[in-house]
Amino acid sequence: ASGDVVVAVTGQTINSLDIHRTGTNRPSYQVAVNVYDRLVSFGTKTLADGSLSYDYSVIEPEVAESWEFADDGMAIVFKLRPEGKFQDGSPITAADVKWSFDRAVSVGGFPTVQMKAGSLEKPEQFEAVDDLTFKINLLRKSKLTLPDLAVPVPMIINSKVALANATEEDPWAMEYLHKTPAGSGAFKVAAWKPGEQLVYERNDDWTSGPLPAVKRVVLREVPSPATRRALLERGDVNMSFNMPNKDAKELSDLDGITVATTPIENSIYCLCPNLAFEPFKDKRVRQAIAFAVPYDEVFQTAAYGRGAPMWGGENATPTDISWPQKFPYSTDLEKAKALLEEAGYGDGFEVPLSISQSQADWMEPTALLIQENLAKIGITATIEKVPGANWRTASLVEKRLPLHLETFGGWLNYPCYYFFWAYLEGHLFNSSNYRNEEIEALTAETLHMSVEDPDYAPKIKRMIEIVWDEVPRIALWQPALNVGTHDVSGYEYWFHRQLDVRGLKKA
Amino acid sequence: MTDSAQDLSPQTTTDGPLAHMVYVLRSNPVTLLAFAMFLVLIVAALFGPSLVAYDPLASNASRALQPPSWDHLFGTDNLGRDVFSRVIVATRLDLAISIAAVALSFVIGSVLGAIAGYWGGWLDAVLNRLFDTIMAFPLFVLAMGIVAALGNTVENIVYATAVINIPFYARLVRAEVNIRRDSGFALAAKLSGNSDLRVLALHIYPNALPPMMVQVSLNLGWAILNAAGLSFIGMGVRPPTAEWGIMVAEGANFIVSGEWWLAFFPGFALMFAVFTFNLLGDGLRDMVDPRQRT
Amino acid sequence: MLPDRLLTIGLRVAQALPVIFGVIVVSFILTRALPGDPAVYFAGAAADEASIAEVRSALGLDKSLPAQFWIYLTDLASGDLGQSISTGQSVASDLATRLPASLELTLISLVLSCSIAIPLGILAATRPGSAVDHLCRVLVTAGVSLPTFFTGVVLIYVFYYLLGIAPSPLGRLDFVYIEPDQVTGFYLIDAAIAGDWETWTGSLKQLVLPAITLALFTLAPLARMTRAAMLSALSSDYVRTARAAGLTEEKVLSTYAFRNALLPVVTTLGMVFSFTLGANVLVEKVFAWPGIGSYAVEALVVSDYAAVQGFVLAMALLFVALNLVIDLTYTMIDPRIGFQTK
Amino acid sequence: MLSIEKLKVSFQTRRGEVQAVRGVSLNVDKGEILGIVGESGSGKSVTSYALMHLLDKGGSITGGALSYGGLDLKNAKESAMRDLRGREISMIFQNPRAALNPIRKVGHQIEDVLRRHAKATRFTARAEAIKALEAVRIHDAEARYHAYPFELSGGMCQRVVIAIALACDPKLLIADEPTTGLDITTQKAVMDLISELIAERGMSALVITHDLGLGAQYCDRIVVMKDGEVVEEGAPEQLFVAPKHAYTRKLVDATPRAGAEVRSLLPKSKRTPMPQFHPSGTPLLEVRDLVKTYQGKFGPVHAVKGISFDVQKGQSVGLVGESGCGKSTTSSMLVRLDDPTSGVIRFNGEDLAQTPAQSFARDPRRASIQMVFQDATDSFNPRHTARQSISEPLARLAKMDRTQRRARVAELSDLVGLPQPLLDRFPHQLSGGQKARVGIARAIALNPEFLVLDEPTAALDVSIQAVVLNLLVDLRAKLGVSYLFVSHDLHVVRLLCDHVVVMKDGEIIEQGPTAQVMDTPSHPYTRALLSAAPKPPTLTRPTFSAA
């Protein structure tokens, strides 16, 4: 690849250019990042290993120049950059922002849910005061609101273009924006063939940040991981996004290839016993399983040691509120057996261990090793591969898998946010059907509470202590995102785990 | 009156099927080879589990991804399982899948094909359209669809493989039955008081068997490949069961990183089996059709 | 004479109609039997009850099955194959871009395979039982015994990764080339039309490895059928007559034996073609080929009803068309067709 | 011109070497037509292939000498032979339709040969080919030039084959059973044509046949072969009048001819007195207005168009007519394997047509109406032994147990003269004559009242045919069965039948007592049929007459 063109490969398909659309898959979110801007963004920091990461603690202006909270704290007023321009040259106005936010909270599905996380729920909350002033009226004071404005969803759409292509049945121009982005971002989409490739071309008139260094980014879809590895290794591509752990481990020693491995924030790979099923109603059975997992083997075999261990914690009570942190379990079959005896399951039992076909890369070896160890304490687990299409329905919506592997990572990096999704009864990622009155109450209290609040840390610690003891989710490890580069620098890790091409530079 | 009787009947009496087989095997080294290979497969399938040194399911993270050595003839996989043991033990399952699938399609295809070929008319037309419909599907994708819809268990893989093969048998039987439907011996059987069903089942159908045997042996190979293909796209049998297709599919990802043995040995076993069945088909054809010989 | 043949062809087309209807019904049932709830799947991560219900009604999945089938049929009648949810495009446009990719690959591989298999089969048939015959048999059988996905990976490893002589397995065209304007969807043809020979060679290079992979697999049925058909043609009375009349061996082989052997070979070719087209999903995965096979697999995995149905229907139509072409070819090769009772 | 000296040909087969020809010597002189007759497998074809160097794989000339016009054919190179074939020596084969490339226009096939031997250029080829077609008396040659073999009748195909063979004016024509498989009338036309052309062009010919009558009629000299050797040679009359070799005598005797009787077909030593038998005169079967119309692809095919005739108890009725006239269709309706479109089949006064063929297998009258099939080989299940085949009706219809069946089968095989050890053989292990006997044994196993014989001897050698015909005569006398004997050979019918029915195009054109129809045929078609049969030289020696 020559000059200022960067070629990247990924295994996944980008199926839409509009993150608000129903059916838009996760890999497509990067279009929202690269082609659209938001009011605000996060800062950038350098991690210990020298790689770049976004900085959750810093909110930076993007389309907005500045913002301030109303005196009662129940509104935020944003001042837009006067020079702000969409890719078609028209100015970015507060009306565009309002239309975009109205769209996000109205179309339903994922964008609406994500907006809600930041307490952004109704169009009435959004107000275009004048061309360059945009006001959000808050429903409640929440620490989540501002960071939630920096996630990909509240992107700012050129409402004039969109409206020109809207119809009666399609007031939000879903059809049009799905294939034709209308943003102000650093890159334009020059070509898009789903299943093949996406080509970004630099927007030379980008107004929301410094001009990117590369002119073109070609993102090729190569389904076979082995082929992706070969391509990077031979230097035919500049970047392999989301590499398998094994390749990351082996290629990181290679000259000319840099592998950035970043533990994914607020994310844990878990083994979940489902409390709706008999043996797992007993806490001791769950603990027994937690003691039976061959953590180290699993971590080495399934993750090739990439990521962070989440087992072997020293204390039964947390000393800080960092999340995720090591659970106080490690492999101890004696203890596991004893606990099972105590619970009256000394003779073991049979249980299906479900994994998702589409995440078989890590789930399968993990499940196999767990299965083997469970056999040692008398539990006969049969591995049940659930088709990808069925996985969400079975595990998260119907929550009917007795014992399964699960992963959840919160975009907003707070423990309470994780708890909100993963430990509250009925909430989507609580696939264990766990319910604990204290957790319910504590989560509700902490969710919007400021981190600085002196009550915050003790409450969080208490929450962590409870879920450590009751283990409805047995933490295995914190996964990492691997990105291999060759002749390219400036790769930055983002919580959304999508490729941000804006900072890339050819070496 | 017995003049021409004896001398007109040549020495063919000594030429029993066994003698013929021996002859074909002896004169065609490739077929002999195929039969020898077939024997190897059968032995591995019957005694596989007692032939191997390691538990094919036992993992050992500390000896993962070791290249072939005297300890592990075919090396170990990413979970530290012995590839040799897994390859040998998988023989039984792979053969079972293909044999069960072929048996199923053989039986169903035979019945439907015989009915269509013998009675003809609207029944034939309907059945033919049915077979056409199955054939009009991209067969591999149909198999995938069936497995996806029913769930990926061994039985469902067998059913899916059987369904896509039914038309091949049905058409073959139909053609064979059809050419014999009005043959002299079928009519003679009717004159002897056989009902249509008896004529079909006892007189016509058995004569369609030899060409079917060829199809069977070829299809055994197809069935194994089919199951392997399903595994490759993640619709194969359940882990940790050892099955060649899965092993190749998973091992394929390790080739580029240099751990070639993961895919190579099961791939070789797969090829060995399919190769055997295909060669066997040719050999059987030679046995059935002496015209092909000089 | 001509009306007779037209009648035969018309009859063939008429026979295809119930088949196509059958395919429509079966594919509809099959997709509904797929596990998983597309509404849940496509509502996306973090979607709640309400939004799932919303998606469900947007997809028309809240209606009864007969109602859904009726809607599907009426849409079909107006030429609408529906919308693929996973690619976000209309199924028709997906097929239009992906079918040529698969067809191009399949055709090239068949051309390759024929140009090897047919001479090989003829060679074997002229020397049955010889070492050459055995060697051919072993070689082509070996080819068909290799799972295509395995062959593909090995070829990439050897020719791209180790030797570096093959181009990067990046699909139909390396990124340094500019895609030709779509006319037929076949890059080789489109590039030739555009006169862009650089792209032409570029796309040809990309075709080599996957085409070889597929060709290896299709060698056996073709070579075997050629051999068998040639053997029976060569032992026929008319070949003996031709020889007795002193015709040269080339003439006997080409005009007398091979032309007659062509019929079963064409039938086999047709079968191999439709089989390969359906089965090259495995090769497409390995070579990142944006073809119809991988499209189908992905659609199937996520229960993308419209895409699966559209794919199956397209393939069925192709199959029917293919058979028609074969029948026409037959009519061209064999003057008897249309006169005999079948 | 052609001389073959002690030719030996053998084949390498899996059971060792087969000596197909063991020292054949013969000469063909200029302008002569030499006939080779002999039983099946005696090496007639192999001899001719050997001299054309067209032997199958594995065959080779192992001894003797072959020369043609002074040229040593035995050691000739393939290239030399290719030049010779077609130009000097050409060959025509039996089954003309198969001898033509089915997918090439006949005109082009002739052109191929002309062009190859430089008898025509690209520009003259067409005209030359048409000329060649005209030479073999094909009408409208211009149009036939474009015809494909399937568009021509068997006789026309044979003419085309002859045209190909003669295209390059060869000096020697080898005809290997040129008329087998053809209709009796066509056969005559083709043989007449060949002999005419040969005379016209002053060629020599080697005509291979197993029909001594045919050979005698057309050849100047005849060679008789048996087991790979020449056993006798001479002028036709001489062979017929004074056959020296026993085998020749057997052949001569077995050849059906005017004036012969069924017993006289057998070799003298085998002749037994003719049994006496007189039909009773009460009708067994009355066929009235029988019609069969098939639903063909292009409109209805009227196979049988309303025929009526009677068969008396104990009578033997001959049904004759050329290929495709509806004989088999009629017989299969009579034996209730097929339902007539309309009409009455009264059997012992009851209408059989009322019971559909489908359910006739369970009808009590099933056992009394049986059939012997045209093609014996085809009529046996290849997987059943002769014993199983004969037992089948006994088990199914007579419900006999094992031992009863064994006894009955033994009895039957004695009756038809089939050696017991042969009963455990499979059909492919039996000769044609043996198969015919098994077929008859099966048909009479249940003592039927009425037996249809659909050309039971069509696939047989004359000598075996003689045996079978005599067997049938004996059986009728013993069992009192009535026969419907289907054939296209009037000579054969005369030997066996009391009454003859002549069919043409699905209709009966003439019927009556055998002698009357044969001696004073009233319909021209009957006359044509009669005259088409080969006429061997009349014998001067006294024929055997019934006691």
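Chains here go by letter, A, B, C and D, matching the order in which they are written, and residues are numbered from 1 within each.
Methods note: contacts are C-beta pairs under 8 Å (C-beta built on N, C-alpha and C of every residue); 3 or more make two chains touch, one makes a residue touch a chain.
Protein identities per chain, from UniProt: B, C = ABC transporter permease; D = Nickel import system ATP-binding protein NikD.
If you're wondering where the values come from, they're calculated on a predicted model, not measured in any experiment.
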Q | Set of chains whose contacts include both subunit D and subunit C (ABC transporter permease) | A | B
Q.
Using mean CA coordinates as chain centres, what's the gap between subunit A and subunit C (ABC transporter permease) in Å?
A. 40
Q. If you average the CA atoms of subunit B (ABC transporter permease) and of subunit C (ABC transporter permease), how far apart do the two points sit, in angstrom?
A. 23
Q | Separation of subunit B (ABC transporter permease) from subunit D, taking each centre as the mean of its C-alpha atoms, in whole Å | A | 45
**Q.** subunit A and subunit B (ABC transporter permease), separation of their C-alpha mean positions in angstrom
**A.** 47
Q. Could you say which residues in subunit A touch two or more other chains, in rising order?
A. 224, 226-227, 230, 233, 357-358, 387
**Q.** Multi-chain contact sites of subunit C (ABC transporter permease), meaning residues that touch two or more partners
**A.** 34-35, 128, 153, 156-157, 161, 285-286, 301
(Q) Two-or-more-chain contact residues of subunit D, please, as numbers and ranges. (A) 57
**Q.** Interchain contacts (touch definition) - all pairs
**A.** A-B, A-C, B-C, B-D, C-D
**Q.** Residue ranges of subunit C (ABC transporter permease) touching subunit D (in the complex, touch as defined)
**A.** 4, 128, 236-238, 240-248, 251, 255-256, 259-260, 333-336, 339-341
Q: Note which residues of subunit A are touching subunit B (ABC transporter permease) in the complex, please.
A: 224-227, 229-230, 233, 244, 246-247, 250, 294, 296-297, 300-301, 357-358, 360, 364-365, 367-369, 371-372, 382-385, 387
Q.
Applying the document's contact rule, which stretches of subunit B (ABC transporter permease) touch subunit D when the two form their complex?
A. 1-6, 8-9, 11-13, 23, 27, 183-185, 187-196, 203, 206-207, 293-294
Q | subunit A-facing residues of subunit C (ABC transporter permease), complex | A | 34-38, 40-48, 50-52, 54-55, 58, 85-89, 94, 97-98, 153, 156-157, 160-161, 164, 168-172, 175-176, 179, 285-288, 290, 294-295, 298, 301-303
Q) Contact residues on subunit C (ABC transporter permease) for subunit B (ABC transporter permease) in the complex? A) 15-16, 18-20, 22-23, 26-27, 30-31, 33-35, 128-129, 134, 137-138, 141-142, 144-150, 153-154, 156-157, 161, 220, 224, 228, 231, 235, 274-275, 277-279, 281-282, 285-286, 293, 296-297, 300-301, 308, 311-312, 315-316, 319-320
